[in-house]
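Each of the next two complexes has chain A plus one other chain: chain B in the first, chain C in the second.
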Partner chain A sequence: MSTTPEGPWQKNPSLAWREIDDETVIISPTESVMHELNETGSFLWKNIDGLRTAAELAAMLATEYEVTPGTALADTEALLQQLASSKLLVPAGAASAEVPR
Partner chain B sequence: MFSEASERYQAFATHQEEPFAIYLRNFFSANGGSAEFSYEFEAHQAALRAFSGESQFVGANNAYTLDALLRILLTWMLLPRTGFLLHAATVVHDGRAYIFTGRSGAGKSTVAALSPAGSVWTDEISLLRREQGEWRAYGTPFWGEFRAAGSNSSAPVAGIFGLSQARENHVEALGPVGLLRNILSNVLFFSGEVAATQRLLEILGQAVKEIPGYNLAFRKDKTFWEVLPS
Partner chain C sequence: MDRLIARTVRKHRPLSVHFDLTYRCNERCVHCYLDHENHGELTTGECLAVLEEIAKAGTLFLTFSGGEIFLRPDLFDILAAARRLHFDVSLKTNALLVTRERAARLRELGVRRVQISVYSEEPTVHDAITKVKGSLERTLAAIPLLLEQGLQVKLACPLMKENLMAYRGVMALAENLGVPYVLDLTITPMMDGSDGPLAHRVSTAELLPVLQDPVLHGCHPQPVSQAAGTDETQSPSFSSAVTSGIDGSAYDDLPCSAGHNSCYISPYGDVFPCVQLPQAAGNLRRERFADIWYHAPQLEQLRAVRESQLPVCSRCEIRAYCERCPGLAWMEGGDLLGAYERACQLAEQKAKLAGFVNPISAMHAEQGPSVSEATLIRESGSFLPRLN
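This part shows the complex of A and B:
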């Protein structure tokens, strides 16, 4: 399966993460930096499964939070880009990636 | 070194029928199984391997290295026991343990020095563990500047306080994520494995939801106790 900037992405398997209240915290075994996702970020994170594209995730976001499809897609793509640049996401099917400090 | 170590850790040794033994060796010997956890302490040319029921230390030829290997071993042994080590001072007040955490220089030893004799269980490494639905703090033999005998005792945790020094005392409550952000860099952890890190995060996630957390700005006198929540 090929990955375009729109996805699909998968969670970097070298990370540990957990939901606390409505937020998600993500840490890497090789660093002590904590990444935090707010409620909508957590919703997207939970649904990133290596199969769904940005458009599919945005549709889920729009339904869950009653935002317009355009807003949902823009927010989803922005978050995916941010997570991918931090190596918290990797292309679907890829092995883990070292998280930059 | 053996007599020094015996004196330092005596209060923390047990005489159980099935003790967890720690062997100091010149080289690792066959155990009959593969190590469940291993760590190389390169700066001191020391290493440990932990097995079910025992651990072997190699290169622990001075008190500092032995102490460091014990800390590393404990972080691993605490994972299945829902516990962790935190760079923090533990002070017991009215039967409850107050955990003061922070980086070096934040004030752990200052807080310890300002607390009544006998109430300080450690000024360096606190051990927190969840038992029967309750978080308890244990004394440890690990000390920083405020040298004293560690106390092999436990008490329910009153709260975790992130330290900073200021002109006036001020305490501010933290939410679970805020507390986790505050303590994460002060948690001792040495495994690079995802599963172990995930387990640690589960433990810490539970801890920050169940233990009250605060930022404590304090001035260097005993009055900081007056602003702590009872």
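This part shows the complex of A and C:
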């Protein structure tokens, strides 16, 4: 499966994370940095499964939160880019041994 | 982090859990507060069920400790389950059983931090405390194995009569290794309340050279936070015996995190607010974690406590220099809300070093000289009333 900037992505398997009251806390182990996602960010995070593309995630977001498809796609792509640049997401199919910690 | 703490405290989410997997140990530290016999530890399956429950309840920070955790043959099964459930995992160990292969396995299973007890850089001092000849050498040999794997290592050095002046050596050791450390002044009674370990606790007068050491706090102790925290930097730090791994500045008027967003689970499934407050709120063999956490009267009572409403301590002029622990207040003074001798004495010493003239705690001010004399009798080890 090839990975484009649009995905699909998977969660970095080395992360610690927990959804607490609709918000998600993510710990990046190498830097010991904590990231927090709001409710819509948490919704996307939950649905990042290594299979769905950005467009598919955006469609789910638009349905769940009643936002326009254009807004949903822009927000989804921005979040995915941010998470990938922080190594919280990695290309789908990456073996855990290859995943940067 | 403050926002997360404030949010979890407000909603009573168990963000941080300290889970002792066993009380069995391969050392016999003179100051230890545990009964090392196995009275029926949770099975592997029961441990995994506990992890499922606390993950569902919102726990992120999970510390496995003991006893010595590597004595559990299923340790890696438990760690693998913790990884699958996405916990942020820390370990506390004496590291005697750490090998290169085990260190690599810890890394594979996503363990982030390992805290190791080191009592001195001198084998004779360290080994005399652990009662295991060669233990310091084996512990120190494990540290590079863990560091090679990219794990964060922290040294913990409880200070007692046997090693009071060893802290400088431990600090130098940590510096050479490039790891943080924590010096711990807390020696507690046994969990069953017996006071054997207190024979190893140094008096506050004996602590003066340490408190005055310019390397620690720059000679001028600063007012402490109202809640326990932990310092992950390499700067000198003291700590209570139990830390949640989270910053304490968001606790506001609460004594500490215990029962608010953290708790302790014993190897037998008992749920306590904290290892230093061994009042079981329930048992996970009989009840679900969420039922205990949200409905146990002991936890509800603890959550109602506010620092500003403590009957004696809220009036204390040197409260800012005090590290009062509710658990120790209960174990040593018999009152969760009360003051206790050790905390008052330490606060007075710290306030004096900070420039206060004849600082006196609220408890001592209320007791007056005759009661202080009685206190001295308690400190000397006798709890019997004087008959003459």
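One rule holds in what follows: the second predicted complex is superposed on the first by the 93 of 101 C-alpha atoms of A that agree within 3 Å, B and C clash if a C-alpha of one lies under 4 Å from a C-alpha of the other, contacts with A are read in each partner's own complex, and residues count from 1 in each chain.
The rule is simple: a residue touches a chain if its C-beta (ideal position, glycine included) is under 8 Å from a C-beta of that chain, and two chains touch if they have at least 3 such contacts.
Being a predicted model, the structure only gives us computed values, none of them experimental.
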item	value
Clash or fit, chain B versus chain C on superposed chain A	clash
First, second, both or neither for A:R18, with chain B first and chain C second	both
Partner chain(s) touched by A:I27 [first = chain B, second = chain C, both, neither]	both
Partner chain in contact with A:F43 - chain B first, chain C second, else both or neither	neither
Segment of chain C that clashes with chain B, given the candidates 5-13, 41-49 or 365-373	5-13
Residues on chain A lying within both footprints (that of chain B and that of chain C)	14-21, 23, 25, 27, 29-30, 32, 34, 36
Contact footprint of chain A on chain B as seen in their complex	175-177, 180-181, 184-185, 187, 191-194, 196-198, 200-202, 205, 208-209
Residue ranges of chain A touching chain C (in the complex, touch as defined)	14-21, 23, 25, 27, 29-30, 32, 34, 36, 101
Chain B contact footprint on chain A (complex, rising order)	13-21, 23, 25, 27-30, 32, 34, 36
Complex contacts: residues of chain C adjacent to chain A	1, 3-4, 7-8, 11, 13, 15, 55, 58-60, 86-89, 110, 112, 150, 152, 232
